[in-house]
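Order of writing sets the chain letters: A, B, C and D. Residues in each chain are counted from 1.
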Amino acid sequence: MEFDINKIREDFPILNRKVNGYPFVYLDNAATSQKPKTVIDSLVDYYSNYNSNIHRGVHTVSQEATDAYESARQSIQTHFNAKYSHEIIFTSGTTHSINLVANGFQSLLNSGDEIIISGLEHHSNIVPWQMMCEKNGALIKVIPMQESGELNFSVFEKLLSNKTKLVFVNHISNALGIINPIKKIIDKAHEFGAVVLVDGAQASSHLKTNLQELNVDFYTTSAHKLCGPTGVGMLYGKEKWLKKMPPYQGGGEMISSVTFEKTTYAELPHKFEAGTPNIAGVIGFGEAINYLNKIGFDHIKNHETSLLKYATKKLKTIPNLKIYGDSLNKTSVISFNVGEIHAYDIGSILDKFGIAVRTGQHCAQPIMDYYNISGTVRVSFSFYNTTKEIDHLYKSLLQAITMLS
Amino acid sequence: MEFDINKIREDFPILNRKVNGYPFVYLDNAATSQKPKTVIDSLVDYYSNYNSNIHRGVHTVSQEATDAYESARQSIQTHFNAKYSHEIIFTSGTTHSINLVANGFQSLLNSGDEIIISGLEHHSNIVPWQMMCEKNGALIKVIPMQESGELNFSVFEKLLSNKTKLVFVNHISNALGIINPIKKIIDKAHEFGAVVLVDGAQASSHLKTNLQELNVDFYTTSAHKLCGPTGVGMLYGKEKWLKKMPPYQGGGEMISSVTFEKTTYAELPHKFEAGTPNIAGVIGFGEAINYLNKIGFDHIKNHETSLLKYATKKLKTIPNLKIYGDSLNKTSVISFNVGEIHAYDIGSILDKFGIAVRTGQHCAQPIMDYYNISGTVRVSFSFYNTTKEIDHLYKSLLQAITMLS
Amino acid sequence: MTIKEIQDEIVEEFSLFENWMERYEYMIELGKTIELISPSNKTDSNLIKGCQSKLWLHAEVLEGKVFYTTDSEAIITKGIAAILLRAFSNQTPLDIINSDVKYIDEIGLKEHLSPTRANGLVSMLRQIKYYALAFSKKE
Amino acid sequence: MTIKEIQDEIVEEFSLFENWMERYEYMIELGKTIELISPSNKTDSNLIKGCQSKLWLHAEVLEGKVFYTTDSEAIITKGIAAILLRAFSNQTPLDIINSDVKYIDEIGLKEHLSPTRANGLVSMLRQIKYYALAFSKKE
């Protein structure tokens, strides 16, 4: 398939709307992605034609829903190249996925064990480990970041020891867009026998990840970040680890037998999918993955890279504009401030021009503390954005700066 | 508004479909409800017109999404008559809600404390407590059920003591449809200072619950059971208890401040809503509640009661048909077996006639153990079902029995 | 007869029926005629997982051929199990391994062999092949 | 002037502007002219919660009237805070309690007082009223 940006934009109903009298320019893609019609239609189709609770149902509609749900699991397995489909656990999102693992390792770690977290983490990736460590007495070590926004790999090497049981790092930092050297981190950590969880929430809309090649132990993502519905995400885990971890939540589906004395847990993936899952959400998740593959991750990468270059070049011409994490090694995110102007003010004015950006800490306060700032303006592009939109951003930003100086 | 069953059926797109050549007769409402067009439309509208991540966003679309999300919370608060809107916590469903409370009370209970669970519980309501008790050493006592499917209230009174810290009971049993005397249970439990959690997953599509009048401490439900989307549910908790419980999951939204040393949790309800929530789902949940109120719970109750009476009378004419939980005190559920015929066989044949029923244990193995059966056929009606559909069920059931005998 | 021949025979038998009801009635009949698993083999380890009704499968080799016996609480499950065993029992391990189950589609009972169906028949089919594989390795 | 009179005056001033840009520029100007909270009152307890930029509010009573001072890191937040304080500062507790903020709608800045907006202005408004209430009880 060729990459025709105009055609692609037609896939997204929301891109037709106006905001404050201007065409809507959505540059908040790192917060959540917009949804193509095919994903929306898959939800409508489910609810209008074959909505039913899944598994254990003997009637036709329940079978249809179950088949669609499980076929989404297979699409996702194939996309990420997981070894088994039961290594793909559906969750309500990355936050849930990470908490599930943190809960699972609570009883597998002992006081004095160490876990290493990168200094670029989203809150979702910090707080669950703090909560876990409070319970089992493990210790958190932090890989420091550098001015470029990249992690200091040599400090990471020094932090590793036989006490290291777990390493947690995001694939791509949401605040800055930096792509972390996860393959290097995984291999190094494995030399010490540590388990590695990679948070792929920011990565999976931009690049195709081959989990077996990466040899990562756990990988997470949220459907809403990659053109899928809200309220659904994935936890990939190597079978070995998923079998070792105790279940997170109790409920229907995850049970093989229940009496008031004793309960036997079901097999993977059901052991971790307690209760009625987000059936429509999972189906939409599968559809989103299929859609992105139809567009093609090569095309996505090319287009996004050229948007990033174009925008970076333009923004850098603005006096006093400082980009944080100004590395080449990143996806289509630009996090910046202009002189002493507060990010909130810039965001508010850009909104008046129909432009959606994110301002603030981006759930990554430690990064803000590092740069000693209260927040940034973050623009984040997706494959459906255009250079014309960047031109509008540029002009509006100049106006905002004039008004706010 | 008048109750016009034909008009109401037009609200549900799925009711137009055929299954195996017959008009689709959906009698599996206790597993999940069908969705009216207005709920489906609310999802399409969200994704097509104002999809955005919520809270903290300064741009217009994020404001619109946040306002819709919070206004759903208010609709739900009003519907259930909760005192504060921040007592309504959005979860991914009842299973999640109950696990949240079980996790919260893990550190609030001590070894030797007792919790009382009804013998009519869904697995979701048993396993989380077993998991909790393994960790804190509390003990589970069970309120036995009786042949009629009702709980033995006098045994419950005897189980209560000063050791009792928590009582868990479902409002309506999913396997049998029995309505439990929750007001009596709550008042009695409160005399001993125990906290009461009521699982309303089966109740909230049939009746309107006034939480403040009930004076219950926690109440849960799932949107998918009451004409809403999958992947979203509610935990109601009295402010006092929600403040006491530690958070369940760590992540974005639930944080007020994060450093690697220390994290301060946000206020209610955000403390318990870590990560990007099911935004579309919550909006659809609110729309479902509004829809049901437009139909009117009086109308719903009248219609469902007459369906139940009509069907019970007809089914009872069938030789060897035994209804489990044959109490007057129930919602529109009939759980039965016919002679020695296996439930699975009946379900399979009914499906051939386009009729969806559930067969098996209904996630309530202890009830099956009580009756010493491997499962039942469960038909469960909703306000959009008709007596004509029951006639078709009756005739098809007779055919099935002939074929299977 | 080879597996293929038996399968063709079954397809022919079913082709006489005009509607699902006749097919089901016949299938149920077949379930009533099969040689049942002996009570002593109704063990937990012979239980097939993932079904609403209990379903047992036992296998043994006699003179190079695999003999399967089965039983199920549900009469429909038993009927389909009977149709499976009629083709696969009393055959050599290799033939069993190399066979397929397209005939189930052809006789209009495909839905019962859906991987997500809670009747355990897909697991049973897998088990049939596993036994054949195990026995073939022994030789 | 009464609160109502000041509000009307503000509405009149804003009615001269033709578009949002002129309104914003004027609002930002107003933010630059207000009397700022004294640095010693920029304490954590005077911080308003729920905003992306820090926002402080201090209140004290002088001769039966409440005087508020404020500051914010964000210039737009400060501008709207200024427009709020111009109406509410130097008024009696009772008048403050009984007033409304419809004028903010009328001058086209409603969006900034949305309860879900992360600028803290709704909390600030609530705080303004709480102070007035607290002072009114003292009398």
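Assume contacts are C-beta pairs under 8 Å (C-beta built on N, C-alpha and C of every residue); 3 or more make two chains touch, one makes a residue touch a chain.
Bear in mind that the values here come from a model prediction, so they are computed numbers and not experimental data.
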### Pair joined by the larger number of C-beta contacts - A-C, B-C
B-C
#### Entry: Most distant chain from chain B by Cα centroid
D
### Task
Round to the nearest whole Å and give the separation of the Cα centres of chain B and chain D.
46
### Task
For chain B and chain C, let me know how many angstrom lie between their CA-based centres, rounded off.
39
### Query
If you average the CA atoms of chain A and of chain B, how far apart do the two points sit, in angstrom?
31
### Overlap residues in chain D, where contacts from two or more other chains coincide
52, 118-119
### Query
What positions in chain A touch 2 or more of the other chains?
20, 56-58, 60, 344, 348, 359-360
### Contact footprint of chain A on chain C as seen in their complex
52, 111, 114-119
### Query
Which residues, counting only chain A, touch chain C once they are in their complex?
54-58, 60, 63, 66-67, 70
### Task
Flag every residue of chain D that touches chain A in the complex, lowest number first.
20-21, 24-25, 28, 51-54, 73-77, 118-119
### Query
Okay, in this complex, where on chain A does chain D touch?
20, 341-345, 348-349, 352, 359-361, 374-375, 399, 403-404
### Query
Where on chain B is chain A touching in the complex?
13-14, 17, 19-20, 24, 26, 28, 31-32, 34-35, 39-40, 43-44, 47-53, 56-62, 92-96, 98-99, 102, 117, 119, 122-124, 126-131, 140, 142, 222, 224, 229-232, 247-252, 254-255, 257-260, 263, 274-281, 344, 347-348, 350-351, 355-360, 363, 365-366, 369
